[in-house]
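In what follows, subunit A forms one complex with subunit B and a second complex with subunit C.
Entry: the complex of A and B
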């Protein structure tokens, strides 16, 4: 039972980690807390609906098109909403992202209606190892999430562009002085976050079906980011997995009714001990 | 002096004229004003068009034939966004600004409960499509509920699991919130009739995506059947994840789980030969018995018809309500008053709509639906209609008599199980 719980927790945690990653990379580079990230995830799923279900494209092609559309969405949102408000106060920016959240959700409801659409893009039978069952969705979700996290991590650590983004997040002025094109970095960051949002949407959709309200997963992403330290990419990832596992264990060993409560209690406990999060740096 | 008297009589007569033309609020010689509210925006806006469309199908037909006693039925629409405060505001607007004769709306539990309390004070008839047992657990003279309550559904689900599936070890799953809690409470109460306790009781939140913990607990209990009282998506995910985790048992679900598209959500393997749900209609919603309804719907609302799972049970419930309203207005007569309408509603006996089993409403019990069919998925994953009517046959129900409290209703039920 413990191993089964851990598997379930890791699957849920991988999704939370992916959401947290998208939130954190935007925040690190641009200092914007993007409350519309959940809706970007939701739109990623709708892109999947268009390319996989409506147009019936082969899955690999549809997947790539979804990622491209997600990246494009991120770029558009940056140019249209964030760039004009670049000199505004943080509160103004927060309100702008909250407004964006409402607008995106309403637009989706207007076009597709309020109902939900199944999107069973991963059809694989469960695997059984001794008495442990691993569903197809769990396998795909966890592997693809971890892969994208690894790619993102490698991108930030080893590529020139990634280092430029890290430099911008540390100090925009210094980065600009060193020749980093800061506005371009902002655009790239939002594009990357949009791509990650699309991946997350595609991974969640087969589990929950595609609907305008599926972006609520962002709440868990925020919690994961806070737990890991909102300025730390590895922290966000670890926070996601910790949150998923805490939920799963709490549900099994304490009470299913208090799954969420226990998980957020763990979050509070972490913050009491380390207010900046596990990997965060105290200012 | 005589001249002054004449003037006074004319003035008095003129003052009385509007009153004479509109003896009852919302009723004129030409029209009956009906107030409608439902969630047309927000997270539950999925329900709104269904409630609107079914009613419109009936009213358009009746109006085309000349109306009821020469009066056309005119509907004014408001939106509650599935929020109780907004529902009360919408109801007040309809009553005060639009001066409607009666209200029709639903289905969100908090909204209908709040409006039921309002209409009780205002003495306005209110017919709702909902499953909210709260409306009947305290007696409301002016409210009528169509759509099987969570009270009745949960108990019939237990009966089905025990009597039809021969289950002796039963697991229970329900979602948090009014809807799920009503179902969960109902399961636990009704199991006492059979001297059974659940082998596992688990809850989940609306919107949960991972049911790992819940399914592990169910697996420990090794149930013959699991009763699930959740919304559509959640119920389907529970069934699917249970199958993926190796839990091979039968699932009995509420009416929200009965949609054709559930096989896409839960997968064919997960539902085949193990998924049973309440089916309120007299056939599958897309079955031959409801062909005329579907054809009419497709013609009238082609855009909604093209969406997944339209029309659905709520459309048909709304149509039933439209027919019920027309029947009661007709029966109440040309000299229409709200009290006459209430009396007509309360004299509804074995009312046939053609798409549901017959319904009955009495002065003591305004909860119209007490019988249901079932649907299940066979080993090929095809939906099969179980053409056997299951009725609530106990001498008690979830409806409180005037002066009774919800605790009285529960105690009466539990006492009857002890006697057996």
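Entry: the complex of A and C
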């Protein structure tokens, strides 16, 4: 029972971690708290709906097209909201992303309506290890999200472009002086985050079905990111897993009503006690 | 010369408000019930936006939980009436105070965090309020709802759209006047100093913890009072109108109208309450148009619609003054 709960928690946690990762890389590079990120995730699932269900493309091709569309969406959003407001106050920026959130959500509602669409893209049989059964869905979700996190981490750590991105988030002026093209890095970061959002949307879609309200997962991502201390990529990932497990345990051992509250209790508690997050460094 | 001009524009301004108000009050009995309802909603939004403007516009602190404060007031007021048998006005005030206390609770962590993290604290708090209203069924009735007892003020039962409308208008006017005077007082100056530069404010002797928490508490008090009024309008409470989307809507009102002015939020709140009525034929496009308006305002009118009007007015005044001066030099 406990192990089954832990596995459920890790599955949810891997998705939260993926959301938090996208939020954190945007925040680190451009200092934008992107409230439209959940809607980017939601659109990722709708891209899946277009390419897999409507056009009936083979899965690998559809998957790649979804990622490309997600990245393109990220780039467009950067051009529309981030670039013109680069010198605006953080509050203005937050409200701009909130407006974008409303626009994307209402557009999707206009095109597809408020209904739920199933998107069973990964269907494999459950696997049984000793007495614990793991559904194929859980396995896929967790593995793919961990893989993308690892790739993103390696990209930041080892490639020249990734190093440029980290340099930009440290100090924009210094990075520019070292020959990093800062505006290009901004665009690239949003593109990368858009790609991660599309992956997240595709992974959530088989679990919850595709609907305009899928974007609500972003709030959990915020909580996970804050737990890890919004400045740190490994922290955000760890925060995601911690939140997933905590929710799953609270849901089965305390009450299901408590499951939703815990994310926000943790969020407020962490910020009150240790504002820089559990793994963050105080400036 | 300029003082006289300023005085004259001020008198004109007050006169415009008075005429608008008198017109509303006199016309109200003749208005259609539905229009009256919409105007009541406008008053509610005006109270909320005026309160939110205290913390967001003047003190410069973001809040994503004002629908939560509204909810606390909306539930506390009828609960005081049901369980403590208090008269409506007293319950309304107490409900406002409970919300104000909640604002104080949010204000304390706001001392340690700013910007992004403040947005997160307030978002988290708003969601907690929403979930508590949903799940504490013993007290709030949860999604099943809570029936609000009818209010009586001095023997007069507040029922029917007209009496409700008058109650809302009086409350809105009183609260706007209080906010206006507050802003010109020492407290208001401290708020503005904090939003310009926390460090400079502190150096000038503004006690940061006191004034930051005070601005959150006052702002939440306004929202709580609005909630107590709202409960009468709704008649039957469910947690739905007190979520994150509503908090965002109230913030939108302040930003679209123009932060840091008395008239801005009034304008923004009226506009955003009336806009859906004008867009009734395009119901499915409503959300889209509202969000698009918000984005356009943010991108092109950073000081809001009222800010645009004000800069236009200032430009006009400057032109008049210039003409006057050259005219004087010629003579």
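Quick notes
Quick note on the criterion: the second predicted complex is superposed on the first by the 271 of 283 C-alpha atoms of A that agree within 3 Å, B and C clash if a C-alpha of one lies under 4 Å from a C-alpha of the other, contacts with A are read in each partner's own complex, and residues count from 1 in each chain.
We take it that a contact is a pair of C-beta atoms (placed from the backbone, for glycine too) under 8 Å apart; a residue touches a chain by one contact, two chains touch by 3 or more.
What you see is a predicted model; the values in this text were computed from it and never measured.
Looking at the shared chain after the overlay, A:9 reaches subunit B, while subunit C stays out of its contact range. Of the two partner chains placed by the overlay, only subunit C lies in contact with A:230; subunit B stays clear of it. When both complexes are overlaid on chain A, the residue A:92 reaches subunit C alone and has no touch with subunit B. Looking at the shared chain after the overlay, A:100 reaches subunit C, while subunit B stays out of its contact range. Once chain A of one complex is fitted onto chain A of the other, the partner contacts of A:114 are limited to subunit B, with no touch recorded for subunit C. In the superposed pair of complexes, A:260 makes contact with subunit B and with subunit C alike.
In the superposition on chain A, A:33 contacts subunit C only, with no contact to subunit B.
In the superposition on chain A, A:133 makes contact with subunit B only, while subunit C stays out of contact range. After overlaying the two complexes on the shared chain, residue contacts for A:204 are found with subunit B alone; subunit C is out of touch.
According to the touch criterion, the shared surface of subunit A, contacted by subunit B in one complex and subunit C in the other, consists of residues 109, 257, 260.
Those residues of subunit C lying in contact with subunit A across their complex are 56, 60, 62, 108-109, 112-113, 115-117, 119-121, 123-125, 127-128, 131-132, 134-135, 244, 248, 251-252, 255, 284-285, 287-288, 290-292, 294-295, 298-299, 302.
Across the complex, subunit C is touched by residues 27, 33, 81, 84-85, 88, 90-92, 94-96, 98-103, 105-107, 109-110, 219, 222-223, 226, 230, 257, 260-261, 264-265, 267-268, 271-272, 275 of subunit A.
Interface residues of subunit B, counted against subunit A in their complex, comprise 41-46, 176, 202-205, 207-210, 212-214, 216-217, 220, 233, 237, 241, 243-246, 261, 264-265, 267, 269, 307-309.
Remark: subunit A residues 1, 4-5, 7-9, 11-12, 15, 109, 113-118, 120, 123, 125-126, 128, 131, 133, 135-138, 204, 207-209, 211-213, 216-217, 244, 247-248, 250-252, 256-257, 259-260 touch subunit B in the complex.
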